[in-house]
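Each chain carries a letter (A, B, C and D) given by its place in the written order, and its residues are counted from 1.
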């Protein structure tokens, strides 16, 4: 089989069942249409994930931006997700895959999911309005003002803005914009999000900064990741963070005692 | 807070509850003891995961070996895990974190888990026998012969050997040994596993090659990853593979029709 | 502690952390405000679940309707969920909780979730319109006609109607209505759903029968289960079905061979 | 199709793929070899689960014992599992199936799993020693003494004995033995476990009472549940308990604040 970048077509029989992700025979393993041994040693995991999802290898700049997003969203300490991983491990230490899965299950509409939701929102707006790299800032500002007005009229929050802790600015956001700028990868999604931040402040008279999840989603859309896949993609990073919590829980457990303390506080009225 | 490599000690109050993975305040996010903005743009996700689990940044060689293992174990096409992810997505497309979690849950003692089991087995043997880089091949051969004899006496399989498909050799194994060799990172775990392969053939008269999971587990132990964490660590790679299956399922669904066909075949006796 | 039906109030300190579900001390286990030994032997699991969610014991009729719903939604053979459970078991047979969890994760907006979505939709309509047992059929018919018109105007499907297989009527629906009728438990939710079925046919000129999930959701709302909890409640039944699949997979495995066959069909283009 | 208790044989073609759990056609749903409408209204969920796993309907006594076990293991308040469910819900409230799954994932070797482990241990011993209802207490005492000696020699804990909180006796145990006795269902598994409790005390001079999980596993084995399925079976009960926690979390949330408090305590050293 030729090791080129074009994924092979599935056999016409069972065409509906075909998968191009990978295959195995006695002597080979293929992935993304290539012999896996040609990827081992020449690619990072991030580059492989990009190849699998975008269908081509990232440039160095795209790779740096993608890794910056993944690093920014991997973890930020004790969270509902990392607590679930740790608590699950106390009950089933023999099944670490279950502990990691338990942590991932909390990455939904409230936590982490907003990265993907912002990517989809921005991509829809970019496509509907035909915004491209060639448009000037005024075009993005006009689009942003319209979007803000539409969302306000609908009583809906604006994806990608605001953070309960980082009220004056999410530290990840400026850093990510700077990296994307260094790599010449500030595309329509990041530009539109920045314009929305401004239009939103103008409309409501209050600064709601771009949050790290939103900036990450926009940056991934700008490097070419299909927006609908962003929500899944960032789970790769979160898995890394959860494994770190598992590691710490193994060497310095907290979950069992946290549970016992919580139980004592939560149900002392029963024992009164 | 100083951004050095030494993770801070937890506060003596609540010492049992302390976590060093990360933290947040209004203006900062820290991870692995550092300001996250100093890691963004200067580190891959793999390097961050290594830093979090090993407590230091990997060298370029360690990083290349680690990525080679992750690439080798990310995916190999249609598997029980990737089918679970796709089937789960058909029922709950709004919760992609659940589809990914469903796929990870199959990474247990039969699939993928053997990477970690091999790492732990080899590390225990290396420690018990005090094997180091300074020992010559004869020392490893002796240890391997003893280990093979012990396992055979106990009627137990040897972790890291044999593969139902790759009977004459797993293509990932030779490639991984070559990469580790290029980087000067063939340590006691990879050496012992190679010696075991030979001792096993000698003992039973049949060649059972080192499988890719086993080689990956040994290589991760040699670059310094705590063996007990290997089983969790490789889930990062598998998450990437499962996201690729989710992406393909979104654009070229197979799961719903596979289910209907399977249902028809499985229960036609009811409708006879 | 008195074993009455009133759940105790949480301690004012830590009031936010209080839980009334249960507690433990050296000599007791309490659940739902009662000593667990008084419930063992005098209650079915369904009755306990009802007590925990509704806050009182069900009557015999409520219990019969609730069990009928749970029985109707427990399983119907090979489904995406049961296949996920079986596939997960092949990879991690040591962690059956993971196999069950993998199956439950597919119970979302497409499968099983509609039971809860219908309950919430009906309950909102019943509340908004102030519909009660005292209203005559004409009042329900009027409300139904308005709801159908509203949904059609919004381009939205009507929850609880239609089934891809049971096009002329879901066998569970008539049986469930008959049981509820026998027990005098046809309340506003079941009545409104029936009225919607008629109004929908009148509006579009095509019969879309009430499906089993919708009827189940309506019946649970009529016996007093909080509608927002229906989606979680029916997972108890599905867990029972998935355990049955796990049992069959243990004694007559199909998942491994199904995977291998699927893999062969899905990726033969790679090996061509 | 005849609605009898004998599950139909699968079609010889695709025999490996056959499933007898259930099936669907346009007008029917079958489960456990019967038309589902004949089970609705005449069976509890517990009876259906028993039918699916044992292959016949339970007697009234078997049903009462089975429900007593399920009630006893459904929940006992704030546990690692219920905390995981609540924490997961805060991040992904739109996917309650994920929150329940997260809680189930902690039901492993440490929590809840011991019910199944005890059932398997006792069943193996009963089978190896050919213990039946006809044997007198001395035969059980002898077997118990041998088992205790074997486990002690192997340095292994005895399944089913001891509880960190209920040191002088688990309240569920005596109640469950009483119920099984009332129903004439004290079989070899419950008898052997009681004998082991005595033999263990005699051997080590310390009373380690039968715990509720162990008694439950033994009782389920005595009513005819295949011991290998006990671990999965009790998850049905736990799902009910977790749904109750989800319900409480919806109306009186604690998880978000517990997380924030824990985060503050766990990482204050970062902000010092």
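Assume a contact is a pair of C-beta atoms (placed from the backbone, for glycine too) under 8 Å apart; a residue touches a chain by one contact, two chains touch by 3 or more.
Owing to the predicted nature of the structure, the values given are computational and were not obtained by experimental measurement.
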item	value
Neighbouring chains common to subunit B and subunit C, by label	A, D
Chain pair showing more contacts of the two, A-D and A-C	A-D
Centroid-based (C-alpha) most distant chain relative to subunit D	A
Homomeric contact subunit C-subunit D: same or different residue positions, threshold half	same
Distance from subunit C to subunit A - Cα centre to Cα centre, in angstrom	32
Centre-of-Cα separation between subunit D and subunit C, whole angstrom	22
Where subunit A and subunit D are represented by their mean Cα positions, the distance between them in whole Å	38
Of all residues in subunit B, the ones touching two or more other chains	17-20, 22-25, 30, 77-78, 92, 94-95, 97-99, 101-102, 105-108, 113, 254, 258, 262-263, 266-267, 270
In the complex with subunit B, residue positions of subunit D that touch it	1, 8-11, 14, 17-20, 22-25, 30, 92, 94-95, 97-98, 101, 105, 262-263, 265-272
Sites on subunit B touched by subunit A in the complex	16-32, 35-37, 39-41, 43-46, 48-49, 52-53, 63-64, 67-68, 70-72, 74-78, 82, 95-102, 104-108, 113, 116, 165-169, 171-172, 174-176, 178-179, 182, 212, 226, 228-229, 231-233, 235-237, 239-241, 243-248, 250, 252, 254, 257-258
Touching residues on subunit D, where the partner in the complex is subunit A	77-81, 83-84, 87-88, 90-95, 98-99, 101-102, 105-113, 254-256, 258-259, 262-263, 266-267, 270
